[in-house]
Every structure is written in structure tokens, then in C-alpha cells.
């Protein structure tokens, strides 16, 4: 099935079922385009179903799982049916047969930073999800071994959150103010 | 003239002062010579490897870096020593000596020089006394070599075990298994030489080979025992590519991981001293010891010494060459090689030689009978080998099946 | 023939023995006795240049400090003394420090400097005993009266390492535009005068200068 | 009697014990010999962390050849190493291990902080890195650069050699608290440990 | 692609999905592993690394072993965590290349390329032709040096110390060319958003040709040392086997994936720069074992040589940076002449150039696999979020599966041929 076919077959369905999504629909979820790249915006609760569909549709490889903290920059271009939250989990999928990439952006609220793991569909997401957990504090439900991966286990905080300080110290100079 | 394994020094009168002097001198010279040659060998090893790698190698310690090993030694000597708290302290301290002393002792039975020209009797005359240029020539010289090289295993095994940490333990387990199994191949390869020479005395073995290359053990025993002996020696010495015991990339430092300072230096020295002594043993057994072409001028023992040193030098260089070239086999592959190839091959070869010898004795010394018996032996060996291979393959298949059942 | 293959490796290593084959020669440069010749663009230790009349080039604009990803440059500008100006123009670099324990030699400062005041020499052989020593002040960075970089006692200067100081900046056209190739776009330096730009942005620029000898060829 | 044959000036013995002895013919030579051996056979520990580790290994390879000083013997076991070249960024997670390896090394031991990341964190002035390995272990020589070229590393090593050769080995533990720092009082007539390599043969 | 599809039809990757106790992975946190005492007496837990000669830097492997056989294992990483993604948010797009280049330190130019391509995608600009070809040239040279580094470390890990020095020696030749072009031996900061930092220097062509003519002979040396060597076969063949299905499930890319016979190379399949204009072959293995991975890397150097010859032929002249006032600083003569140019110069170097809001993911084929860069821009001069998808990070997940039932010595071979660069794993 090509991309167009999907849009044709799915758009008729969604027009009747859901509440006025803007623009395109693929795999029953709203779509946006960023610099020509296709981005799906599934709901946090149902995104695993989307993943399942995608994995059956040739997107055999999960290339990347990461997250973005939109604390300082709440505006972003997402379809208006999706309400922006502080965190966004970004999943990159690749289809070798179609030579295509797809990106999923899933909104995760700050109050409840939990999302389902996609380990059962893509075992390769294990380390990637651990990294997101480590650096952003987003928990993945159903992950077999959700522990810190990059930082020591007794580390406090999640450094890639925007409210986490960079932690830089002043550079040593001889005549700069404060230099000894 | 064959002295049936006894130094002519001790023939005749009861001990004189000169005899004592000569023996003492021999001990001292052998010890010093060995230490100096170890020093030079380590330097040569590093230089030779450097040359193979288009580098310069040690060059700042003395001219051409020749004092490099001395610098290493002094530095290690003045380094802080440590005995890990988890270790078995007595054994930990003892182990390096277990390693070093046998290496020194083996060298005692090697004939280093003497008149080994064709017709010579391998003796020199010092202070009016006729003697061998070797510290001792016991009747059981070869057994002594075997015994000492086995004791050296204890040094390594105990070192790893007593360190009280995991990598050295793995190293020592490897060491004991590897050395015990290669000891067998080593011994069987030796038997071929012994069968031919009919004596255990190293001096006599060397002396029997002084008639030229066709008399060398290498040719007499038919190359195969030498190859087996060489491979087994490499494994026995932990020399690359069979340095699994200390495999740096796998076991950090193997048995000597926890050793530092002078104790480590002793291991270090023992390891390289073993290379020299085993090369010397190999030269004695298969390459005629100090025999070779003796010009008519100059003292004969000097030519013997030169031949001997030259041959040993070639051998140690080959060890270095291997160090610089070959990747390291895996532990189980090494054991496979020992048990499944070398030991059966050595055994078969001994049988072949023995059969040929017996036929010789019975008067079927020449002609078609010999060829026939050789052919029969080869067929038997091949059949034996084929059976062995079948057994190995069967076993492998069975293990694979079991593995599949267990692990899916 | 696996047995033959076993010995192939021995042939390779033996062939590498010095002068035993084409690829077998010692390639070692014997530092410290000899030093390999540095490529002209190497990012080494910085210098602060002067104009040909002896005035300092630095105007204390702090562009270098702000572009430095490691924040290892500290600059403060001050107004020139009208009677006895340090640099042409209104201001000069009053304090100039580089912390070499932070500097990553990315040369963004050289690209940023509007007056080509800071450039890099080809010296990279220096090391420090303590942290203070690693902070170079203006006294150490600025070129001497003859326009040559100062040879500090812990630096290992050799002949010619000061010669290509501004090479990175002069690499063809600093803006990338082929129209400006070959144009002199910078002021002269004390001791070296006006430096020529690098040539060509064309497909074949091998013919103009003889290829630089590689160090190993020079050694032997 | 201040001056004794073989022992030299003994006037300070009353105050300082044996430390107060000048070096005489015998001990002076032994000390020189030990220093010589330490500079000619300084085995580095394999402590590669990041980019600098590649340059460290390149320094050991054919084009630069650390083996000239007998330094190609990179020891995997810290027990046998003399020199720790901290080659690369030291993260907060790695810091305790680095210290442990340093503690496992036997005296005398030296540390070269190779590259700016090890020396000060370099451009990564953030939460994850230790901002200077000298907070964890005493550093003898800092090599700048990111990464330092092989020559820079060799320069640092030679500086360390020079430092060892000009320093004293007998009384150094008192002066720094047990660490590897080897800055000690200079002997008469030696004022600076710095050297100019180009003048050296 | 039919071949790839055929490969995939053979069975599912049951092994990697297993979650329970019998899986290959020791699924415990570090402190749990520390406290863990295997019930079975014959088993012990051994830590390999982080300071271990063959773990390529600071990888730590916890191995549950029975004798010398590895039963379960877990790679523990983070010992080189540098906080680069956080630092990347502090640096402007102009400075960003200095940050990313330090991730994969054996092939720094690829990280720069991914970052630059992503930024350019956000800016919606197209770099000049010459810049593209220079980028390709540099990347292929870097691929050679990276694979030569692999030959060196791989040889060292298997115990062939000689090979190590040969690898370093050939790599040094390539590094010297890179140094001549970029001014630095490593961490070049050369490929930047908008083009490259400087044009190729005089004499680059001769230097490149010299390397290209010398290298094949040196590669034959590796063939002599390794490829036919029986011990080498014994050590690598049939060790660390993995199949395509497992690779895809685990998100493995690069030579690891190709070693299983699955032809997937971004240069060929989703071409970037001008890789569609050069001829080269995607090398695939058959068995997916260590030997295939070794052979693929060795022969990829040869393919790179082939590509570089074509690049030399096709190298056009012209600008090497985009002539866009917003991105590229003005020519130096203009600074003195025009106030506007001076202001541009100051703006670019103080605050950097602004990048329109949006987010983009761009991937390139690094020597280790797919190297991706995900950038979110909020319209300012610094990335709002900069994430690098390092191939080694994902590839490391394969270790426990390859190591199951292998010996310690195999572990060394497997780690070596997975060829992780810890800088890129831990970032």
C-alpha cells in the first residue's frame, strides 16, 4: 500500500468518526509535515495500537526514541486536535521496503509522565527508552528493565529537562573578576 | 667416545679443589650468562617487533636501547610491593620462585659448548681437567627437563589461585589445563628422540648428532616430532600466540594481574628465561646442539658455543616473529589442538618409529619390507585419525543438540 | 590451502622489516630531536598580532570570547590613550587571557576576529605543570617587537612554526565565495608583511605548488 | 664535626635525622640510577576514555613510537603501571573508578592529565563531567589540546621525565600527602624543573 | 530489495523478545548486580570493564559466567556520559559542530555532517555543489580511517599485536591528510551548517591520490595477516552470530546489519549528498558472524577508495559555502568597506544565525550505521533540542544476545567487531 492509498482509505473513515481533525489522517491519527517529513501525532493512550499497525505495515525498525521538554517553548506546530503538553516523546520508525521514515510525536503531560513501552513491538527500543527515562524522567510502562542507563543510579533529577541547570562552573582566568 | 652420561670431570680421582672450582665457575657462569641473555633477549624481542612494525623501538636506554631491560628491572625493583589482603600470603610470595627456579635449573642440563665437531667428544680441557661445558649431565637429563617444566606450572597456577581475585583465577585454571595437556604432547614428542638416541643424557643426545645435518634429531625422527615439540613448547611457555594464561585482552593480566614490583619482575624474567632454555633444549634435541662446521683454527669449544648461540638465537627470533604475527586462538581451540591433533599424532609417530626400528633390528632393514611397513603404519594412523574425527564430530553434534534443547 | 595461508602472515610481517620491502621502512619521527613538519593550517597555540607599524591589532571587541564554545577567552577592552595609542582606533584589548586547559583549538575565534588580531601558530608542543601556567595572559600571547611569537620556556618552538600563523584565516576565501579567491583581504602583520591568500577554489589545484613532502619522505 | 668523608655535610642530621644527609658518592649514584630507570621504563596504564585515548594509542604506534622510551608496555593491570595517562573526559560516573585505579597503582606513580576535558572539562562545562581530574587524583603534568597531538603528549611525558630526573625520590611522600605529586625542594644549583627541549640531546 | 524481503520471511526473532529469566540479558540494575549472588555454585558474576583493555574505552559488561562460558550479560554504559545534548542546547548552530564532532571520535566528520544536514534542512537551504563533494570526500576519507582503526583494535583484541600497529600506521596517513585540510587531526569542526569551513588546500589532490595508491597494498597486508589465517577463522567464524530479523528487531544498522546478508546502506537506499552519482557496491555478509563483520569493514575501505576516485573526478569548482548573508559571514574585504557587512559579521559570530522553528530528523550512514540528528528549533539561534541517534548506542543492545553461551574470549571478539565508540554511546 502506498502512502496515498492509506490517505484515501482512511480519510473517508475518519470524516464520519472523529471530531474534525485538521488536515491529513494516516493510520487513523492526525498528521503534520515538517520540512517534508511525515509526523504522526497519536494519542498517548492509543499510540501502541498505531505502533502495532505501523509495524505490520512494513515499519520494521525503530530507529530512535527520544523526547523533548517544551517547558520554555510551549508553541509548536501540531494539529489542533492535539493538545500540547510539556513533554513529547518522539519515535522514529523506518521502513526498509518503502524506504520511508515516519515520526511519531506523543504528548506526555508533566503531571503524569508515563507512557506505554513499545518493547513488545520493537525490542531495540529498550536502551532508547531507558535513556529517555534517565534524562527526562518519563516512565515507560511495560519496559522490562527501566533503570538509569547513562547516569549513576543514585543521581537526582533528569538533566535534559529544561528546569535542570546545566551545571557549569566559572572558567579559570587570572584577571577576570573573582579570579584568585 | 661416549661417556655414558657422566661428566669426565668426576671420573678418576676423588674431588680435588680444581674440580670444585670448575663446578662453581660453571654454575656462576651459567647463571650470569642466562641473566644476561634474558636481558638481551627482551631487548631483542622489543627491537625485532619494532622493526616488523616499522618503528624504532627502545632507543634511549643505553646505545640502541640495549639497557632497556636493565632499566625495567631496576625500576621494578624500586617499586612499591603489595600483597593483596584477600590473597594467601605465603603462597602468593612463593609462587614467583616456583616459576623462576625451574627455568634456571633446566638450563643446567643443556650442553652449551664443547668440541661437538664430527668425531669430537664434546669435552673441553680446563685447568688440566677434561669436562663438559654444562653444569650437570645427569643420566636422566631429559626427565629432569620434563619435571622442571612441569613444576613451573605450579608457579603460575599458585600465583593465580592465591591472588584471591577472579581474573587471575581464570588465568590459573587456564594455565593448569593448558600446561598439563601440552605436557603430554611434549613428552610423546620427546620419546621419538629418545627411541632413536637410546639415552636420556642431554650430552649424549647432542653428541650423537654431530655427524652433520643428516644426523640431527630433526631428520632422524622425521620432522613431525619436532613440529609437535615446537608447538607444545610454545603452549608450555605461554608464548604468543598461546599466551592465553595472561591474555591481556581477555583476562587483563591473567595470573600476574595482582603482582607488582619485584615479584612481577620475577615472573617476567622467568617467562622469557623459559623461552631461552626451551629453545636451548630444542636445539639440543633436534638441531645437534653445539655441533656444526668447525674451522680448524681457534679452540673447538668456542666454535661449539657460537653454533649453539646462533641456533638458539634463530629459535628465539622465531618465537618473537610469531609474537608479532599470529592472532591468539581461543582456549578451547588450543585444547582441541593439543588433545585431538598433537597427542594422537605424536603417539602414532612414536609407534611408526618404533616399528621401523624393530624391523631394522630384525634384518628387514631395507627394500620393500620397510616401505610396506611404513605404508601399513600410515594407513593405520590415517584410519585412527578418521575414527577420531568421526568421534569428535559425533560429540560435537550431540552437544549442539543438547545445547539447542537447553537454550533453544 | 589453509596451511599456506597460515604462513602468509609471517611473510607480511617479515616484509615489513625495515627496508625489506616497499612498505617496510621506519616511519617514526624522532621527536624531540626532530619534529614532523606541520601542515600550514594546523591549529596551534594562539598569538596576538600587530600591524606593520607596531600597533596591536586587537580592538577589544570580544567577538572571539563570545564565539568560543568553551568560553576559554577572557577579553576586556579599554579606551586608547590618545597620546600613546596601543591600537589604531578607539579601543584596544586591555586584558586578554586564554585558558589552555579549556581551549579546544576549533579556531572559531580566528574566524570571528574582524581585524585578524588573533591567529594560530603551528606550535602544539607545550604542556604545563600547574593550572596557573596554562592561563596565557596578553603578555605571553602578543607577538614580540619583531613580530615573532614569544618562545616561552615550556614551549618547544622550532624553525618555521611561526610562519603560517594566519593560514587558516587565509584559506582561499574566508566567506566561501569563489569570487573572492586570490584577493588579499587582510592587513599586513609586523614582521611578515602582507600575507598571500591561498590559491584556487577550482577542481584541480595540485599543479600550482609542489606537493608538500610528507614527513616520512623528509626524514629519509 | 660537620664534614665526614663519604657522608659529606652532617650538620643538619641533628635536626632532620637521616633526611638531613647530603647525598654522598654511593647514594647519589644509586638515586641517579633509579631515576634513570624510571624515566626509561615508565609503563603507562591503559586508561583510555575518549578521543584522547585514540591519540594516546597513536602515540604508541609506528609514527611516534613511545617505545623509544620503553613505554610501549601498556599495562592492563594498574598494579604494574607507573604512569596513568587520563586520556579523555571523566564523567561523574567514572570518577570513583578512576580514583580506584589510581589507588591500585603502586608507588611511585605519576599522572598526566591528557587533553582539556581531563584537565578542566574542556568545552563540556556541564553537570556530567568532572571539571578537572585534579580534583580526584594529583596531576603532575597537564597536556593541552582537544585532543593533544602525539607530539604534545610526548612533550608532556618528557616534561615528566625531566621532573623525575631533577627531583628527589627519597623524601617526597612527606611533602605531599601520599599522592603522586612530585614537586619537591630543589637541590642546590637547580632552580627550575622546566626544560627547553630543543636544547636537549 | 527482493533479497532483503526473502531474508525476512524466515521465522521471527523469538530470542530477542524473551523477557523472562532465561533471556540473554541480565536484567538488573547496577546495584542489584553488585549484590547478586547466583544460586548455582558454578556460576559467578564477573565485571569486564570499565577499565579493561578490550572494552574499547569505558564499556562495562557484567557477565554471569559458568566457568568461562557466558550465560547472561548486560552492558553497562554511561561512564563517558558527557552531557553533550545539554551542551548542544547552549551552543549556537555555528558552534554546534564543535560539540557533535566529539561524539564519535573515530569518525567525527559524520556527526558534523548529520548536524549540518539537519540544520540546513531546517533553514531550507541547499549548499553549493563543491561543498557537497568536499563533504563526500571528507566523509569517505574518514570512513577509511575509522575502518582502519577497527582493523587495528580488532587485531589487538584477538591478540595480533602487529596488526594493531599496521592499522594505526595506515590511519595516520589518512589523518595527516585530514589534518592538512581541516587543521586538526580529530574533532575537526570542518563540516558546518552552510558548507564547509575552508576550501581544500593546495596539493590536496596529490596527497589524496598518494593515499589511494598506497592503501590497497596495505589492505592486502591485512588480507595476508588475517583473512586467510586459520587461527583467525577459528576465532571469528561462527562467533557472535545474529540474523537479519533479530537485527531489525533490535534496530541494528550498519555493518552489523549488512553482515547478516541484508543489503541496507543509506548511501544507496536513501541517498544524501551526491551518493546517487557515484558507483559503489553495498557489501553484505552471509552468516552474520564476527568474520563477516570484519570482512565487510575491510572491504568497505576498498569501496571507499573507489568512491574517492570518482569524487576526485567529479569535484567541481565554485563556492564552498552557501552565499547567504544570514548564514555565512561576509568576505573579509567587505568588513572594512561596508558597515552592513560588519554588522552581519558581528551578528553571526555573537549570536549566530536564527533558524526557523520546526523539527527535523536527518540520518547519514556512518561507519557504524545510521547516525541520525534530530533537531527541534524554536526559531532562535540555538537548537531547542538537539539529539543524536548514535548507531553504537543501539548496536550495543546486541551484545547480550551474541554473547549468550560464548566464551570470554568470544566476548572480546564480539565486542571488538560490534565496534562501539563509547563517546557516541554515552554522549
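In order of appearance the chains are A, B, C, D and E, and numbering begins at 1 in each one.
Just so we're on the same page, contacts are C-beta pairs under 8 Å (C-beta built on N, C-alpha and C of every residue); 3 or more make two chains touch, one makes a residue touch a chain.
Everything numeric in this text was worked out from a predicted model, so none of it was measured.
Least step count on the touch graph, chain A to chain E: 1. Path length between chain B and chain E in the chain contact graph, taken as the least number of steps between touching chains: 1. The chain with its Cα centre farthest from the Cα centre of chain B is A.
Of all chains, A has its CA centroid at the greatest distance from the CA centroid of chain D. If you compare A-D with C-D, the chain pair joined by more contacting C-beta pairs is C-D.
With each centre defined as the average position of its C-alpha atoms, the distance from chain A to chain C rounds to 44 Å. Rounded to whole angstrom units, the spacing between the C-alpha centres of chain B and chain D is 39.
Averaged Cα coordinates give chain B a centre that lies 56 Å from the centre of chain C. Chain centres here are Cα means. That of chain C falls 29 Å from that of chain E. Shared contact sites, meaning residues of chain A that touch two or more other chains, fall at 150-152, 159, 164, 166-167, 171-172.
Contacts with at least two other chains are made by residues 61-63, 65, 68, 76, 92-93, 120-121, 123, 125-128, 146, 149 of chain D. For chain B, residues touching at least two other chains, in rising order: 52-56, 248, 252, 324-326. The list of touching chain pairs reads A-C, A-D, A-E, B-C, B-D, B-E, C-D, C-E, D-E.
Listing the residues of chain E that touch chain C in their complex gives 91, 94-95, 98-99, 128, 130-131, 160, 162, 166, 169, 172-173, 176, 179-184, 187, 189, 194-207, 210, 214, 217-218, 221, 224-226, 228-231, 233, 315-323, 328-335, 342, 345-346, 349-350. In the complex of the two chains, the chain C residues touching chain E come out as 2-6, 8-9, 11-13, 15-16, 22-23, 27, 39-43, 61, 63, 66-67, 69, 104-108, 111-112, 114, 116, 168-169, 171-178, 180, 183, 185-186, 198-206, 208-212, 214-215. Across the interface of their complex, chain C is touched by residues 51-56, 321, 324-326 of chain B.
The touching residues of chain E, counted against chain B in their complex, run 14-15, 22, 44, 46, 52-54, 68, 155-163, 165-166, 169, 225-226, 229, 231-232, 234-235, 404-405, 407-412.
Taken in their complex, chain C has these residues touching chain A: 70-72, 74, 76, 95, 97, 99, 101-102, 131-132, 135, 137.
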